[in-house]
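The chains carry the letters A, B, C and D, assigned in the order they are written, with residues numbered from 1 in each.
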Amino acid sequence: MSWAWFHKLGSPKWFFSWSKPWALPLFCFGCLSLLIGLVWGLVFAPADYQQGNSFRIIYIHVPVAMLAQSCYLALGAAGFVFLVWQMKMAPVFIKAMAPIGAVMSLVALVSGAIWGKPTWGTWWVWDARLTSVLVLFFLYMGIIALQNSLEDQVLANKAAAVISVVGLINLPVIKYSVVLLETLHQGPTFTLTKKPEMPAEMWLPLLFAVIGLYCFVAGVVLWRMQSEILMSEHRSSWVKQEVTKHGF
Amino acid sequence: MQSSASLTISDLWIERGERDLCKGLSFSVQPGEVVRILGENGAGKSSLLKIIAGVLSPLEGKILYSGEDVTLDRTSLQQDAIYLGHSVGVKGLLTVAENLRWYCPDISISILYSVLTQLDLIDLVDVLVKKLSAGQARRVALARLWLTKKTLWLLDEPFASLDVGGVALLEERIQQHVLLGGLVILTTHQDLMSITPHDVVLLS
Amino acid sequence: MAFNSLTEFLMMGTHGVYVWSAYGFSTLTLVWLVWNTLATRRKTRDTLRKRFLRNQAR
Amino acid sequence: MTYSSFFVSEFLVLWRRKQDVFNALLFFIIVVALFPIGINSSPDFLAPAAAGIVWCAAVLAILMAVESIFKEDYLDGSLEQLVVSGLSLPLLILLKVAAQWLVVVLPLLVIIPLLSEMLYLPSSGFWVLIMTLIVGTPSLFFIGVIGAALTVSIKQGAMLVMLLILPFYLPVIIFSTLAVKATQSGLPYSGLLAMLLAMSLLSLVISPFMTAIVVKASVN
C-alpha cells in the first residue's frame, strides 16, 4: 500500500474533491440505518424484564455516548497528526468535529439523565461514566471556546491540536479516576471480546442505530469540513470555480 | 564573535494571516555589511526579521547561516545573534542592572558600569525599569549590543523613541560592529546619518 | 411487535414520558446540528460567490 | 542568557511580586473558610471533608497563580526573547514552572497545619494530605501552564483557562482526597500516592514541549 493518500490529505483541494461525493450518501445511509434501528427498537424489540419500556432509551443513549467518546478519540488523533506532520486538514477536522462531539455528549447526558429517573429514581448519579461524559462535554466546550477567542488562525490551529492531544492523554486517567468513585452504572453494552448478554432482537436494532449514527456523523463532519475548506482557501482559483459554477 | 559568518536567504516565501507578504525573496549578508529592509507599513519587515530570528517559520525557502542550513533548526544562528523586536524584552520589575545580568550573566561589573556610563544610564542602575521612560528602557535593551559578542544583529526599529544623542551612539556602535566583521540587519523609517546600508525592498 | 395498540405504544407502560422526552430531545438536537451544518454551508458559498462577483465587477 | 541567569531573574521577579503570592495565600484561606461558614461547621462534617476542601481551595489558588504566568513576559517582549535565545524553550519553561511552584506551594504548606486544625482533620490524615500536596501539585502547575500559554494572547483569558484546565484537574483532586480518606478508614494509600506521582512525572515530561509549541505560536 502506498502512502500517497496520506500525503494527499494535506491538500485541501484534493480533500474537497475527494470528499464531495461522499457526504450526502453517507448522511442518507446513516439516517436510514438510524431510523431502522430506532423504529425496530421502539416498536418491535421486547421490553426489558427489569426496566420495562424505559430501557428503549438505550437505542439513542448508547450510540450517542459511543459517538461522544469516538469523536474525542478522532480529535486527539487529528491533533497528534497535526503536531507531528503539520497536515493541513487536521485542524479543519478538529474545528468541524468539536461542535459535533459537544452535541453528542450533551445528548448523551440528557438522555442518560432521563433514563436514570425511572431506573435509579434520580436524575443524576455521580458515577464513573456519567461524570466522564460530563468532563468530555467540558473538554469539547473548552476547545470550541478557545477556537472562538483566538483570532490568529495559525495559533488557533496549534492551540486546538495541543489541547486535543493533551485531552486524549488525560482521558484514560480521568476515566480511571472516576471509576474509583463508586459506580452504579451497568456494565458496557458492547464489548469486543464477549458476546452481548442481551437477546439478539434487543441488540440488533442497537447495532443498526450505532452504525447509522456513525455514518450520520461522518456525513455531517464532511459537510462542515467542506465549508471550512472553502472559507480558508477562498483565495485559490478552484474555490472560485467551485462556488460560481455550481449552484448550491 | 565569528568573523567569517554570513547569512544567505534564498527564495523565501512569507505568509502572514491570509496574505502573502513576499514570495521568492533572496539576498545575502556578508561580514561587515549593514542591510536595511525597506517597505511600506505592513509589507512584512518585522515578519522577515522574526523569521530570521526563528520566531516564525517561512512557508518555503532556505536560510543559511555560515553555510549551514538553519531553516528547520535555528539554534546555531540564535546562539550567535541578538534580536530586538518592537517590545524590547526588558522586565519592568527588574532594575537596569538586573535586566542586563539576566541577558549577560558573565559580564564584569566594571564593563557593565562603563557601558552604562556611555549610555547615560549609570544613575539609574538600581532603578526598576518600569519607572523609566520608553527611550531609557530602549537604551537598556540596546546595552546588550555593547555587552555581548554576538555576530548577527537583527534590529527591528532600533531608533524608535531614542533621542538624537541615542541615535548617534547606536549608529556609532553599529559601525564599530561591522568594521569588526559583524552582520547587521535592521528596519527603520529614519535616514541613517553615518552608515551606508545595502537596501532590501519588500514590495507589497 | 411489542405493543398491541397505538395508545399502549405511546404510553410505553408507565414510562412514556421518559422515553418520548429522551427521544424528542435527541431528535431535536440532531436536527439542529444538521440544520446548522447546512446553513453554514449555504452561507459560506453565498458569501464567497458574492465576493467573487464583486471582485469581477470591479 | 543562560539557564541559571534565567532562573535567578525569575525568582527576582517573583520576589518583587510577593504581594501576588500573599494574595493567592489569602484567597486560599478564604475559600477554605467558606465551607464551614457556608455548609456546616460541625466536626462530624468537616473532619471527613477537610482534605477535599483544602484541595479544592488549593486548585483554585494555584490556577489563579498559573493563569497569568506568561502574561507580563508576553507584553514586555521577554517571552519572545526566550524563543530566540538559542536555549531549549521547554527547559526554560520547566525552570519557570519550578520557580513558580516553589514560591506558591511552599507558603501553602506552611499554613496547612493551621487550616487542618480549623477543619478538625485527624493527625493521621494530616501527613497524607501534606504528601498529596507535595506529590500532586506539580501536575497542576504543568497542566495549568499549557492553558496559560494557550490564552496568553487573549486579553480576558482567565475564565477560558478555568474552563480549559479544570476538567484536567479532576483526577488529581480525586486521587488526593481518596488517599486522605483511605488513611482515615485505615486503608492503604500508597497506590494513590503513586498515581499522583505518575501524573506529575507524565505531565513534567509532556507539558514543557506542548507549552513550547504554543508559546512559539503565540509570540509572533
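Everything that follows uses one rule, which is that contacts are C-beta pairs under 8 Å (C-beta built on N, C-alpha and C of every residue); 3 or more make two chains touch, one makes a residue touch a chain.
Here's who's who by UniProt: C = Heme exporter protein D.
The structure presented is a predicted model; accordingly, all values stated were derived computationally and were not measured.
Enquirer: If you average all the Cα positions, which chain's own average lands nearest?
Expert: D
Enquirer: Going by the touch criterion at the top, tell me which pair is linked by more C-beta contacts: A-C or B-D.
Expert: The greater number of contacts lies at A-C.
Enquirer: Work out the mean Cα position per chain and let me know which chain is farthest from chain D.
Expert: C
Enquirer: Using CA atom averages as chain centres, what separation in Å is found between chain A and chain C?
Expert: The computed centroid separation for chain A versus chain C comes out at 16 Å.
Enquirer: Using mean C-alpha positions as chain centres, tell me how far chain A is from chain B in Å, no decimals.
Expert: Chain A and chain B have C-alpha centres separated by 49 Å.
Enquirer: Quick check: how many Å separate the C-alpha centres of chain B and chain C?
Expert: 57
Enquirer: Centroid of chain B to centroid of chain D, CA atoms only: how many Å?
Expert: Those two chain centres are 37 Å apart.
Enquirer: Would you pick out the residues of chain A that each touch at least 2 other chains?
Expert: Residue numbers touching two or more other chains: 152.
Enquirer: For chain D, jot down the residues that touch at least 2 other chains.
Expert: Counting only residues that touch two or more other chains, chain D contributes 220.
Enquirer: Contact residues on chain A for chain C in the complex?
Expert: 27, 38, 42-47, 52-54, 56-57, 60-61, 64, 99-100, 103, 106-107, 110-111, 114-115, 117-118, 216, 220, 223-224, 226-227, 230-231, 234, 239-240, 243-244, 248
Enquirer: Hey, which residues of chain C end up touching chain A in the complex?
Expert: Chain C reaches chain A through residues 1-3, 9, 12-16, 18-19, 21-23, 25-26, 29-30, 32-34, 36-38, 40-42, 44-45, 48-49, 51-53.
Enquirer: Per the contact definition, I'd like the list of chain D residues that touch chain B in the complex.
Expert: Its residues touching chain B are 1-2, 4-6, 8-9, 12-13, 16-17, 72-73, 75-78, 80-81, 83-86, 216, 219-220.
Enquirer: Which part of chain D faces chain A closely enough to touch in the complex?
Expert: Its residues touching chain A are 143, 146, 150-151, 153-154, 157, 160, 163-164, 166-168, 170-171, 174-175, 178, 195, 199, 202, 206, 210, 213-214, 217-218, 220.
Enquirer: Under the stated contact criterion, what part of chain A meets chain D in this complex?
Expert: Within the complex, chain A contacts chain D at residues 83, 135, 138-139, 141-142, 145-146, 149-150, 152, 154-155, 158-159, 162-163, 165-167, 169-170, 173-174, 176-178, 180-181.
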